[in-house]
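In what follows, subunit A forms one complex with subunit B and a second complex with subunit C.
Right after this comes the complex of A and B.
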């Protein structure tokens, strides 16, 4: 199901486009006829009041939900019902609104789990820890240690994640997504529940990932300050409908947005 | 001294029998942890594995294959049968039922039980088939210290050894391989596991395959002990108290629970039997489970109260 290796997508081209997508749950219309695109290399924010359909949109992009209507094109390939692990294989990684870590594992193992698709060796070799499997394990550990250094979580790498404070859990979750070396990284409220300092750290990481690895980012965030600072373009949803799309400055001065979103205290 | 010798003998035979309960319980735990499915079919899988093993073995021996080669081939064949079963269960039963609640899945495994039991007997026959993989005589240990020594059945010792190897193998598989890590990931969080590229369908196949291989191991030992026959499926009923005692989600719990039940029922039979009548073995495990259930509903090793079934 991996998208065929067509011409490489270069910076500024459209990486993902959402065309007239609608999704409903029984009678509830979560998303109605929304279209927008995400360009290679940009940080794209998705904002809107509670229940606007933001998380549902991410779930559509990474294959958890299948819209009843509309077309999703990723790397030039229109796709129908893509399952989440196929989306991951195609280069889409994500974090979750409420941290979704593997609670029984250490931080290191959580991040290693992000390498699942990159590890090819046969499990019998892995069990015996000999031959090519050992070399492969070492190579992956090396990549994972780089990520751990980047996120500055060296001291907690052996700690079971359930014992970590929330802010660090979010960081481990980011590490797991980075371990996948994704082309498109989806964040669902990466800074919810964090204090100012933690928010600044997380903002820094997001910018660094975008700049150093050239990873395209889609970001859901309620903190308008963060959105204005980080994003190149912003799409605004309200009650499942797109009400604005543009640069942070444009969106900020858009009357519909002010009415629907900025007027609401958060 | 005679009394202590007797006690040791009963204890050892109880523990070794308990290992076999652990094996069956282990199959349950693996599936329950990874998919939240209470797999009613585990006992049927032991029957299927045993029948596939003994019938193919008999056939090959009858056709003049050397015994050791026949054993190898028969084990391979039985493993293949379990793999096919895992594939079909995933493909036709659990795959289509993805996202259904625990009770629905539990009911579906009851259906699977009947299909496996029926299919196994249709394909391989429904008699009692003796299996002779291990010597069935006994050792007499410590004859110097205890008059007559302690009787230890060789089958039980083999069973214990094989179970130990299996547990070490499973531990390596879970801790050291990417598939093992993926299994733990799925057990912890389905959505997050999928998001890193783990296919639930693939994992469920693997889980049922592993449970099938565990069933095969249990079948080699139980089959040698009792002959491969339908009553082997009742083993699954013994696994239930083991699970309640050990906890549904704990691999060490399954092992310890099995040992407790095995040793407990043999000791109770030997020491309480004379006072309250025999046959204690048949109900002791359930009473023990009831006591645990009242004192510690999640089991000795369980993480939390099971709300899934």
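Right after this comes the complex of A and C.
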């Protein structure tokens, strides 16, 4: 469990709120009328059985899907649809359910790629790598090295990611997301396909990111043990509808949640 | 330069002051941090250590007290050692990978009030045994990460301690003079450090070394190997091991050379390559791992490269060592070797980080003749030494040009060696320890009335070379029921020289015949399995595979044949053997922290297997408890097969040497 006196950024202000959002693909309703909020500095989990609409929800938050109905308020700014670059500019970063890295590039270069939005000099300056562009690269490299140190992946700095085991690839992906210095970090099943040790490592890193950088975290996860240990608050979706919202303990004892996961006797 | 060190400075802090004066602007320490090598000059190190010492003193550390040093090779931990010594306090380094129990034993036994620790991991370990350490008051940490939510009543950041000392020094000029007086008040005969032995034989003992003796010993070897302030060493061996304290800390301060700390334990190999040390030490096991890895990678190389590699390794085998020893070699050999150097040896050494190594040592265990010859043949000046913590490392060392794989060299300068009647090696050396900490009885036990220290090792001087040969621990040399001398280590080493055998444990004392338990080397055997389409699901399955057994049988037969040729050892032929289902591990107490087998403990733990080895059974069941890294325990059960060997009949023909 997390220490009750979390990082100082837990001002409890709402960072992002989802208001009565609905999304459908043709006739299929993926999400209908869901509302919840994510507070600054917390670890917020979105759970639910298969097909509950979790990944759709994440895609709405980072602007990949556009809901037909509802309002998304991010940092006080209300809008009906989020655009991916608005989300990235505004400080939302994510990792993917499947690893989405540049496979031929080294871990270092992959994480450097996360700094792209922060680079001010244009491509030609960067190609020349002189004067201000060089100074800028040095500065960015320093930030990336801090992340490499933070994630303890010094020994694979120069290794092409395609040669790394899965758990380490996931860690590099987290590094790239961190390189964006996000305010809100979205994890899509960070532990999928991991063994126990890798899961423990990843959990440790999620907690550390939250504590060290004060990053707000929203995560989708199937492993209930992980969810209950990591998160401050949990929202439960089932068939696109919110069925519960509260602390892990509250959610665990909620009858609707138990029914959704275990099924109901008819 | 080195020789005046001994004359002018009898403690390490005095040497630090001298180095800051003589080599002020030269690098004293490097550490790779955030991907970039950071450098501190001797002048800077002096300033930091002075500030650190004042900071520690303000928190209560006084002359004669002890302070634990827990963690891997990092500049701030070395500075903790120096700062403590500056105050006349005694640092007590502890192995970074020691489990909480071992840690609490040393910390409690050494009466530490303070501990300088690396990071959260070590703090967690100490806090889990805090109830056994009533005297511990404060811990100083290097790495703040993850400690935000910790109760800081007993924690201080090293940076803050140093900054506090620096501020105090700046505010009060008298404080600087007081510190100078403290340094001057340090006597060479005072304890300088307490190094706990790894405990090959029972609980670990605290070996107390004095500054004066340590510096004398280090000065001798600095001269012996012509080390100067221009040398560089990579400090990657455990901080608490006598080897690191001697080779890097003591020799570094005496010669004034630069000690580089790797970024992390995992990056040590690539850091080695970047730093390009000129002085290098590696235990045989490390050299073996490097060679195995290299050979495995060569398997994947293109045909042309493979051919070239093997051809020139042949050339190196033929001429390399003779060239290194300065013997005469035909012109053709010299030319071929030079070509091989351009094409193979130099790039190879570059990849390994050995390009600039001038002197390299290996010690700790017997080294395989092939392994030893390989490194020497590609031009690495690898030598052997023999020593122990009680001697402050060196007892013997091989001089350039007189190198043999089966000896450890003649006595070091100013070292006196005597062989006792039972074959035990006794020595008297400049670096000799003062005694075991709080254990006068044990000290008396290993010291002869005329001041020699008993090493516990059996050995003899080779008639041909005059070098010392170590065969086994004196108390481990046993006898078979028919009276044949049984040196288990000798047999085990012969087996371990095969790259796919990681560990071997031989039994035979007070038995009718010799048996062994083997551990396969996972790297080598799994690579072999891949190439030969042998599928397996786990270590256990691979270890029990019939083809693996067949392979091991061949190795054992070869060792038997070699022993059959030796009249003294012919009776030691291995009659039965088995392959263990799990790797022997220090966390389970089966190996010491320096990776030596604790034979007695293993015998107890695997008693059902040993009984089966001697009662003729074809297989045996075993269930053992294993300890995971986080201290949890689990059980591992297996059925282990036992293989029988046909003894080789000594041929008796004279020409057939092993």
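A few remarks follow.
Just so it is clear, the second predicted complex is superposed on the first by the 250 of 266 C-alpha atoms of A that agree within 3 Å, B and C clash if a C-alpha of one lies under 4 Å from a C-alpha of the other, contacts with A are read in each partner's own complex, and residues count from 1 in each chain.
One rule holds in what follows: a residue touches a chain if its C-beta (ideal position, glycine included) is under 8 Å from a C-beta of that chain, and two chains touch if they have at least 3 such contacts.
The model shown is predicted, which means the values in this text are computed figures rather than measured ones.
Superposition of the two structures on subunit A leaves subunit B and subunit C fitting side by side, clash-free.
Comparing subunit C and subunit B on the residues of subunit A they touch gives the larger count to B. Centred on subunit A, the angle reaching out to subunit B and subunit C in the chain A superposition, using CA centres, is 90 degrees in steps of 10.
After overlaying the two complexes on the shared chain, residue contacts for A:91 are found with neither subunit B nor subunit C. In the superposition on chain A, A:117 makes contact with subunit B only, not with subunit C. Once chain A of one complex is fitted onto chain A of the other, the partner contacts of A:142 are limited to subunit C, with no touch recorded for subunit B. When the two structures are aligned on the shared chain, A:53 is found in touch with neither subunit B nor subunit C.
Within the superposed three-chain model, A:67 lies out of touch with both subunit B and subunit C [touch as defined at top]. Closest contact between subunit B and subunit C, by C-alpha atoms in the overlaid model: 19 Å. Overlaid on A, the two complexes show subunit B and subunit C touching no common residue of subunit A. Those residues of subunit A that touch subunit B in the complex are listed here as 62, 64, 83-85, 88-89, 93-94, 96, 100-105, 109, 112-117, 119, 121, 123, 126-127, 129, 176-177, 180. Here subunit B touches subunit A in the complex through residues 169, 172-173, 176-182, 184-185, 187-189, 191-200, going by the rule given at the top. Put simply, subunit A touches subunit C in their complex at residues 3, 5, 7, 141-142, 145-146, 148-150, 152, 154-155, 157-158, 208, 211-212. Every residue of subunit C that touches subunit A in the complex is listed here, in rising order: 33-36, 145-146, 148-149, 263-264, 266-267, 270.
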